[in-house]
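Please see the structure below; I have some questions.
Read from first to last, the chains carry the letters A, B, C and D; within each, the first residue is number 1.
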Amino acid sequence: MPLIDNRSRGVFVIAVTPFADDGSIDVDSLDKVVDFYFEAGANGLTILGMMGEAPKLTQAESIDVARRVIARSGDRPVVVGVSSPGLAAIGELSRAVMDLGAAGVMVAPPGSLKTDDQIVTYYGNVAEMTGRGVPLVVQDFPLATGVHITPGVLGRIVAEQPDVVMLKHEDWPGLAKISAIRTSESSGQRRLSILCGNGGGFLPEEMARGADGAMTGFGFPEMMVVVTSLAGGGDLERARDMFDAYLPLVRYEQQPGVGLAVRKYVLKQRGKIASDAQRRPGSTLTAEAMREVDDLMRRQSKRLGALA
Amino acid sequence: MPLIDNRSRGVFVIAVTPFADDGSIDVDSLDKVVDFYFEAGANGLTILGMMGEAPKLTQAESIDVARRVIARSGDRPVVVGVSSPGLAAIGELSRAVMDLGAAGVMVAPPGSLKTDDQIVTYYGNVAEMTGRGVPLVVQDFPLATGVHITPGVLGRIVAEQPDVVMLKHEDWPGLAKISAIRTSESSGQRRLSILCGNGGGFLPEEMARGADGAMTGFGFPEMMVVVTSLAGGGDLERARDMFDAYLPLVRYEQQPGVGLAVRKYVLKQRGKIASDAQRRPGSTLTAEAMREVDDLMRRQSKRLGALA
Amino acid sequence: MPLIDNRSRGVFVIAVTPFADDGSIDVDSLDKVVDFYFEAGANGLTILGMMGEAPKLTQAESIDVARRVIARSGDRPVVVGVSSPGLAAIGELSRAVMDLGAAGVMVAPPGSLKTDDQIVTYYGNVAEMTGRGVPLVVQDFPLATGVHITPGVLGRIVAEQPDVVMLKHEDWPGLAKISAIRTSESSGQRRLSILCGNGGGFLPEEMARGADGAMTGFGFPEMMVVVTSLAGGGDLERARDMFDAYLPLVRYEQQPGVGLAVRKYVLKQRGKIASDAQRRPGSTLTAEAMREVDDLMRRQSKRLGALA
Amino acid sequence: MPLIDNRSRGVFVIAVTPFADDGSIDVDSLDKVVDFYFEAGANGLTILGMMGEAPKLTQAESIDVARRVIARSGDRPVVVGVSSPGLAAIGELSRAVMDLGAAGVMVAPPGSLKTDDQIVTYYGNVAEMTGRGVPLVVQDFPLATGVHITPGVLGRIVAEQPDVVMLKHEDWPGLAKISAIRTSESSGQRRLSILCGNGGGFLPEEMARGADGAMTGFGFPEMMVVVTSLAGGGDLERARDMFDAYLPLVRYEQQPGVGLAVRKYVLKQRGKIASDAQRRPGSTLTAEAMREVDDLMRRQSKRLGALA
């Protein structure tokens, strides 16, 4: 049961939760898509995040999903989203999934936080609930949470909470934030692992700025693997060529709300999950949108062929 | 096990959840404060709402509190708050508490709802999760939720969801909304029970506009009882005299955030709960604030004496 | 042409802008209501704030109103609201009204500010636009602006901007903030004048916490005068008696949105302005609401009589 | 002096406002960039929008800019943004620019609008202020305004306000909205011109869904021209090839806040404006960001070469 730490790097795919058309959890597809993520080169997984439809699961289902994914992942790390309006629920779910072998837990700040001090205090409360020794990931996603965490505030959290080891970076714009954090670290601030989200839409620039990898979803997770790998190896030009080939679909899948429907449709078309059903409230693709995605996949395939 | 319906009236006190100083649930105080509410004249209770610190309870604790309060309340109705970011959790908690004998469940809209149609759809999804026959209370509290429900939108919900039987009214300003709903009802819209919140700060006017009572908390629930009772009996002038005597403390307790600390302090000073502790995140009264509350209680007592 | 400074105290009434029923500015009523405010004991006025319907005036009208009120006020200080989405407009209006003899300008933060640092930077930009020597009032009204200014952030603004001399305090809850500021000042932070808003609904407690007075509107500004005067003279018990008599109407007038209609209706009923018309978008009182206000005034008058 | 109408199509470039390094308006660069936009194939311009730094101009400057751009544009239509917190200012600026020969005015809804009815009422008030015969553009940009306008609400506005002739479409996601509007129009709803914003990031799909063109900015406005032209001519595959070549830079320039700095830097590098200075509050590019933009331009140029 590996734990993440502040040197963790590579690609942690945000896993979808597959449902059958009747709304039940499709455990066979869950196994299959987990296998697919690792075959595509993922270094780890993140489950029960916003794009994993976590709020649509009962608590018992959440724990079942965590148990199954962690078991299937073997010795690869699985981070579990435990965000909740209440600290008690965060502590409860965190204990449960860490007992199952999770590699760490991720918490996004609730929208009720209004000031810098409130954010710092919040992560203090969270760390006390999850307990010493449980690696914490701060999810910094202002577009979704409404909470803006400056590099300075993050620095205060890092200084006060030794268990905060990773930033799921999805501020937008966010490049300057990566540079600011790395600059602070060169002046003595404790290092954080920075894994980038937002569908990977800025991954080449993020890697060049000092990110350690990606923690995000996309119907073609091999994009994140190849871009982080090439960029990590110093071949940024080739990384960009590959990235550009995927970008039209990345952009399309990155649409808020409807994006998950795109992602599940792509995974279904690729044979990785049996159904693209979402539990309510969820979005579905119209016939027009499906044609758009089909076209994007066709053009992407052609472009990748030319690059091979 | 009584159920609420669209003729329910009187005072449903929003119950506090008493904690011991070590953060554990103080079940003796819970019994005691439940008894106190009914002795003060409450017609029913509402538990696990925002002011009941519901998000600070684990799911198991929530069900324990519901079980104990429902049992203690005997044949008096207990409404249970089941708001959650996820529909699955709403369904899960609703089934659990209805099995325990709850009189109905209350749901506030999540802040992610942006348009009229989204609000209407949301309550359709909620009603499907809680199931036919479970009385639903719509909590309309824009200051806390950020969601604005117009009388027209409420009318659509009432038309589509037969199980919606009650409005917990705490829009601010909200008097015109009560009048608008009652006017629509006189033109054929199905009747709703309207119980008013916001600490009772507009209770005389709300009763005169056609509300059926109060569903709110205040350290002196006898205020809500005497005002609704006098107003219901037609003696609005006397109702206002009594209301005015309590108003300075009502105002003070109605402060967002710190209000719950005031309420628990008052209940502790009155001997109804053993400790005014809150679980984190919670507010505490400074010495200065305690003196202010003490002063307000002293002056209130004097004024009530003059009115007796 | 007096200027405000960080020792300014007493009552600055937020002046209404009277319109004729055809929507034109009623300059006779403007003169009359200005006279009334000073006869009631005001120490100064604040114009072109949110409750002065400033956004409904053209720029030329705003300057006309400022010119007339400043002239009419003689040697009494007039603070002018110059909040705007754009810094250029703030600078432009500030220069214009200071040239006319304003005592200072007031700026509320725009809702786009999300972090502590952004707030501090914003007031730096504002101070540069308004220019050295122009007294600045920070309007701290989170309920309306969505911007939360902690005592620490305010301390940074005070340290960096010597022209910031006054806080229009209308956070809610806000009592702890007054105490926090005064505590910081006792440790060397430069003093601010603190004048309280929010319709005066917490004025006795605010004065006891160290506020210097009130900057707010209410149809009976004599309430603010008598409460600040008695509290300032140490007779807090009598201040509270007077306050309590006005509180039911204070509460009613403090309703967001509809409150201005109440205030103008009261001023019209008292013969201080000719019409309670508002420019669009504005609110009007229904017949039911007028009866409620009439009742509140009748009861208030009776209670004040008993206290005389 | 042409007016826009509900059949207007093509590319309306959102013009930047060039400043000299000392913050004064650089009128020579303004002329030059206007000429550039038309040489690049623009059908019209839109000025004084959010990306034109309108809030940083005084009212006199705004009118000067409008006068100069309208004169320079000759018989090509110029739409002017007149959004303001106050209706009076909207009316005032609208009259001024229509007198100067503007083709219409654009208004974004203020963030204070919370319900469907409030949005509909707001555009009624706006239309009354701007006056019969002045073509109105509804700017639908929820990410920036916080106001969500459903197709149904837009239909109500279209039905009630004959002067609303155009939608500046920048909802995100927004493709389904275009389809919904066109579907309603096929059932009798009055036609709107739909010009798309958001930096053109979805332009091929938007054109295929029935949009009439683009109203947005981008350092290479020739992208919008070629994509709308090819798509309008039915060659969607070639339109996409061209679009894909520009997409990496489109994506980079579309970052909120910093995007305008990118746009101005690109225009300066291309020799279209003398300085990329912004008035405060503004963003500037770090050396790192400049290198990223330079790289993106270099790669874009290479790719366009391969497509030629």
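The rule is simple: a contact is a pair of C-beta atoms (placed from the backbone, for glycine too) under 8 Å apart; a residue touches a chain by one contact, two chains touch by 3 or more.
In this text the structure is predicted, and so the values were computed from the model without any measurement.
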Study note, to complete from the structure: Quick note, more Cb pairs in contact for B-C or A-C? It is B-C
Check your understanding: Over half shared or under half: which fits the residue numbers at the contact of copies chain B and chain D, same or different?
Key -> same
Exercise for review: Would you mind pulling out the distance in Å between where the CA atoms of chain C average out and where those of chain D do?
Suggested key: 38
Review point. Where the centres are mean C-alpha positions, what is the separation of chain A from chain C, in Å?
Key: 47
Check your understanding: From the C-alpha centre of chain B to that of chain C, how far is it in Å?
Key -> 33
Review point. When you check chain A against every other chain, which residues touch at least two of them?
Key: none
Study note, to complete from the structure: In the complex, chain C touches chain D at residues 54-59, 61, 84-89, 91-92, 111, 121-122, 125, 279-281
Check your understanding: Mind pulling up the chain C residues that touch chain B in the complex?
Key -> 172-173, 175-176, 179, 201-202, 205, 208-209, 240, 243-244, 247-248, 251-252, 255-259, 286, 288-289, 292, 295, 299, 303
Exercise for review: Give every residue of chain C touching chain A within the complex, in rising order.
Suggested key: 114-117, 142, 148, 150, 152-153
